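Shared between the two complexes below is subunit A, which pairs with subunit B and subunit C, respectively.
Then we have the complex of A and B:
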């Protein structure tokens, strides 16, 4: 379980996260949804300890982020982390050398699944294929938790579908996943838990199936609490 | 299978209904093995937890059963199988009635059409 407790993050005098608390369970897909600029990415960065928080606490399986707990979490940012001058194959080798949890077999499978070529330069790829490389690099890590920032953003509908498919095909059941999105459409049926964020505050947190029990879609709930 | 789910109804309920339809139509046979939860999640492109919940519901209704570590199987209990069929028919008729009622026609007016369409549909 990833626990985010009363996290406050300020950039100068501007509060980006105002007392944010939520938990993401193992074996569940938790989706942070909000309009752009609401602090979603900052939350992921804070979990990964990439930005220092002003107050609050973040625990991964009851432990503060350490070198050991870091090995159990993979972060897929929305921009490619590896150098664009690398080929896909070189990026895979880089990841293999860098992470003990790298699963070469799964990486090769995903390469085939996405019909990507190892010799292609990352800088030469379309936006959709770049996103696929990003997803590949993340899903090929044998980790307990996977954080993905806007995995479906700004790419064509077919690439989105393929990524959603890879997501279900390669999602190990006991893995905990946190994704951020401002566009719920493609992932609506993959999500267990929804955390709605607005201006650095969590406005609602609910189970997707429970909303549907009341005859409401996730977007219906978003409309209720975000559009005033 | 590339199917779309209704966004305003629990996905597990939709999965259960789909299985009932397949059992009622004979597409799935009594005693037949069910796919594993993981397989079904991949096939339907939904969350494995949702499949888990659907299986739990079907087990609860007696539609499937599990013995030990074996894959779940469709029930061979005729009573349950008949009930499933009745339930689906009732649901469909209810939906039809609900759609037609506001138009204010008598049953006598729709009866011939209903019969004709029923007979011509394969």
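Then we have the complex of A and C:
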């Protein structure tokens, strides 16, 4: 379980996260939603210790994040995090060299699934294909938790479908997923829990099943809460 | 340790093409320095012989003999060393900042590697030192080759053999790059390594606190300067030279240790993508 407890994050005098608390369970997909600039990316960065928090605590399976945690939690940010001069194959070799949790078989499988070529240079790829490489490098790690920040950002509808299918196929049931996305429709059927954030504060946290039972979509609830 | 070696290899690979080009440029510039020094010398010698009717003995009395000492003071030679030094100085900054800037944020990947983040610091430091010693090694290999070339293209009476040891003792640049004693080597490269460690710490201050970090880094450098300059103004007449050397060695280890600890703390707790 990933526990985010009373997290406060300030950039200068501006509070980006104000006493944010939520948990993400193993085997569940937790979706952080909210309009742009509400602190969703900051939460994911903070979980991975990529930005320091001012106060609060983040625990992964009751432990603070350590170097070993990077073998159990993978983060797919919305920015390209491989070197542009590398080929996809070299990026995969880099991952294999450093991560014990790297699953080469799955990586090769995903390479075929996304119709990517190992010899292609990252710098020569389209935005959609670079996003697929990011996702490939994240999904090919045998981890317990997966954090994804806007995995569909700037990607065409066909590629989005492919990526959403990859999530269905490769996200094993016992994995805990935290996802932020504006394209909720693409993954709505996968979501178990929703955390709605506005101006750095959690304004609503609910089970996606409840919304479905009420015949509402997650966007409907988001609209109800934020427009109120 | 295995991860550290992998990181060093990776960092070396990232700069290898530019580094190779830098070595190539150094070789070309220094060969050009040898040729141009010889041509300049012989032009002057010929003009003395033609216009003033000097004999070759008088030319040598007037101009001296040409040697690697002459070559080492040419603009091209000094420029070749200068460009290598400046490139590596710039690379000390670039080795960190390139991971943050541009379309690709490789720093995400580096900070999420399952290893102690201080290994990134040591890998980058080792890479810089390897590049420095690599260039020194190239210079050591180049010197006899350049001397051989100079001997080949210069008329025998005008050529003088100068050992690298003799040259490095008197030359302002070469005495720093190629110290003639082990203690000189320790001092020159120790100070250089310490400067890189402090610079890396300042970069990490900036990467952690951004604008505020520049001021913190500047304050940190001022404190270090005060620690190092302070003893020069203190009444240390009662200390022997050897004791002052040990005092500075202790201060250097202290500054290095504190800088590495600060870098560890910043990488672990404060650095921001």
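One rule holds for everything that comes next: the second predicted complex is superposed on the first by the 227 of 228 C-alpha atoms of A that agree within 3 Å, B and C clash if a C-alpha of one lies under 4 Å from a C-alpha of the other, contacts with A are read in each partner's own complex, and residues count from 1 in each chain.
The definition used in the following text is that contacts are C-beta pairs under 8 Å (C-beta built on N, C-alpha and C of every residue); 3 or more make two chains touch, one makes a residue touch a chain.
This one's a predicted model, so the numbers in the text were calculated from it and none came from an experiment.
Enquirer: Quick one: is A:165 in contact with subunit B, with subunit C, with both, or with neither? Answer first, second, both or neither.
Expert: first
Enquirer: On the A-aligned overlay, A:27 touches which partner chain: subunit B = first, subunit C = second, or both, or neither?
Expert: first
Enquirer: Of the two partner chains, subunit B (first) and subunit C (second), which one does A:213 touch, if any: first, second, both, or neither?
Expert: first
Enquirer: Per the contact definition in the header, classify A:100: touching subunit B only (first), subunit C only (second), both, or neither.
Expert: Second partner only.
Enquirer: A:189 contacts which: subunit B (first), subunit C (second), both, neither?
Expert: Once the two structures are laid over each other on A, A:189 reaches subunit B alone.
Enquirer: What part of subunit A is shared between its subunit B contacts and its subunit C contacts?
Expert: After superposing on chain A, no subunit A residue contacts both subunit B and subunit C.
Enquirer: Given the complex with subunit B, which residues does subunit A contribute to the contact?
Expert: Residues 27-29, 164-165, 168-169, 171, 173, 188-192, 209, 212-213, 215-220.
Enquirer: Under the touch definition given earlier, write down the residues of subunit C that touch subunit A in their complex.
Expert: 3, 6, 10, 14, 102-106, 108-109, 111-117, 208, 269-273
Enquirer: What residues of subunit A sit close enough to touch subunit C in their complex?
Expert: Where subunit A meets subunit C, its residues are 45, 48-52, 67-71, 75, 77, 79-85, 94, 97-100, 122.
Enquirer: In the complex formed with subunit A, which residues of subunit B make contact?
Expert: Touching subunit A from subunit B are residues 5, 7-12, 37-38, 41-42, 45-50, 53.
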